[in-house]
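In the two assemblies presented below, chain A is common to both, partnered first by chain B and then by chain C.
This part shows the complex of A and B:
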């Protein structure tokens, strides 16, 4: 299992949706840490604590964008993507984006 | 000899039983008083926290309206994200001291909606200011109000009209 701590491995200042908004965007995070292992079916644990906070645009692009790009069903993704945060609203929001993005593909 | 032994037990029961009952009664009453005090403190803490969270929502609403009414301000973006994170963490920490899980779940869902209303669109991108009557301000105001309503529900749930006596008493008044 691969563990990604966003604050340590990516940035303490996750910002924005697209790469054109900055190198610490949701799109950049998804491409750098999520797409490759998850497309191979590897388990990834994402740790959210330690950053200054998250905007919904970052979370939506990172995780909703992941479903749009890889076209993984939430039932599959929820098994291989483990979310760890002391703030339960983060996990709720991310799981919501995964569901909504998959539904938008139908 | 037998009569002496019997009278010994009678004497013991005469003085020992009331003393035992008094001690057991004191322990029960003391434990109930401690529990009542603890519950009272817990309710006060939840109520105070709910009030504090309502104030935080107001401050976030001000910041969000300012942010979405002007050109991009990176400092304010950080401030808003920190305040939203703090609000969410404080809300989550209430889970350990209150049993109103349904209301807390509603609060957490309202928290997600508030963060989405403020930070999903027109946030952390190069934007120009938007006038204050656009949809984004309405969505933020709606989400903030929903959050505050849930916090008020949480506060009121600490003082329920639990039994019929309370209800009838209130009716008669």
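This part shows the complex of A and C:
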């Protein structure tokens, strides 16, 4: 299993959606840490604590964008993507983006 | 004591004559009338006494900024901004002054388009220095900001959504706010609102030119302010883009726009546009990609419990007041003049409810 700590491995200040608008964006994070292992079916644990906070654009693009790009069903993704945060609302929000994004593909 | 030699007597007379002549020259200069806030473009432009966007000073401030733009960018003349009578600077007015001066100076071909004439009072002089106005114009000021309610004004600007600069400033100012107050500022909540406001600016604010055909600067798309003053934490994000009115047709479905246009019959186009965008974000009916910025702006108040959010765009403004995590008051109005951009401004009290 691969563990990604956003604050340590990516940035303490995650923001924005697309990497053309900033290096700390959701798209940049997704491409750097999530796409490759998850597309191979490897388990990834994402740790959210330690950053200043999260904007919805970052979370939606990182995780909702993952579903749009890899076209993985939430039932499959939930088994291989482990979300770890001391704030339970973050996990709820991310799972919601995954669900909404999958529904938009139908 | 120094002996009064004939040479010194003559020198004093010369200096007195020179000072008197300077006074005379100054009195002969034409100035704009203070009564209606109109400022004539020209060599010296008089700044308002309060740099504020709340009526009626908002009109005076925007006319002042338009006069600078007309003088420097249209007439291509250098100008001096007379801040002598300026006594106070407020968040929304100060950020608009900062952004618009930055824009004018960057677009000008003149070597030194704007020069500052210092405020008489020390506090506004300290604030101008602290927020970087002297740095923008290239003037020097020997004032060293020292007052507690001045040194925690922090300004920054940028063109991308990269969060490091914004994050470090927010951390610094929030740490100061939390040091002296029982009610703490929660950074993750503020980050959500501020970073999304910046992201929206980069994504949407410059997709169309504004009324004066300005399409945005290459290296600066947004300006941000944070402040701790009178037991309140304030943060504001400003852009000089086309405003909500020009973009809602592209970002919000027609059915939603029509519904809110009917609800807000009688309100100005700008107020309708801002409110529609805010309500779209709150509605939960939005598409996955859109409408979250406005919801995030309000989530700052929900998380802190109490506070006020102002959204000012073109000629309109709306405000939400929250207490105990729920909306208790909503207001809207017109500034009577187009500010040429959008300001999102949070004020969070640091005293217990």
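In the analysis below, the second predicted complex is superposed on the first by the 106 of 106 C-alpha atoms of A that agree within 3 Å, B and C clash if a C-alpha of one lies under 4 Å from a C-alpha of the other, contacts with A are read in each partner's own complex, and residues count from 1 in each chain.
Here, a contact is a pair of C-beta atoms (placed from the backbone, for glycine too) under 8 Å apart; a residue touches a chain by one contact, two chains touch by 3 or more.
Computed from a prediction, not measured in an experiment: that's the story for all the values here.
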Side-by-side fit of chain B and chain C on chain A, or clash: clash
Contacts of A:23 with chain B and chain C, given as first, second, both or neither: second
Which of chain B and chain C A:101 touches, first, second, both or neither: second
First (chain B), second (chain C), both or neither touched by A:11: second
Partner chain(s) touched by A:57 [first = chain B, second = chain C, both, neither]: both
Which of chain B and chain C A:86 touches, first, second, both or neither: first
Chain B and chain C contact sites that coincide on chain A, given as residue numbers: 13, 15-17, 21-22, 52-58, 60, 87
Chain B - residues contacting chain A, complex: 77-78, 81-82, 84-85, 88-89, 91-92, 108-109, 111-112, 115-116, 118-121, 123-126
Contact footprint of chain C on chain A as seen in their complex: 11-17, 21-25, 52-58, 60, 64, 87, 97, 100-101, 104
Touch list for chain A against partner chain B, complex: 13, 15-18, 21-22, 52-58, 60, 86-90, 92-93, 96
Chain A-facing residues of chain C, complex: 160-164, 166-168, 170-171, 187-192, 195-196, 198-199, 202-203, 287-289, 292-293, 295-296
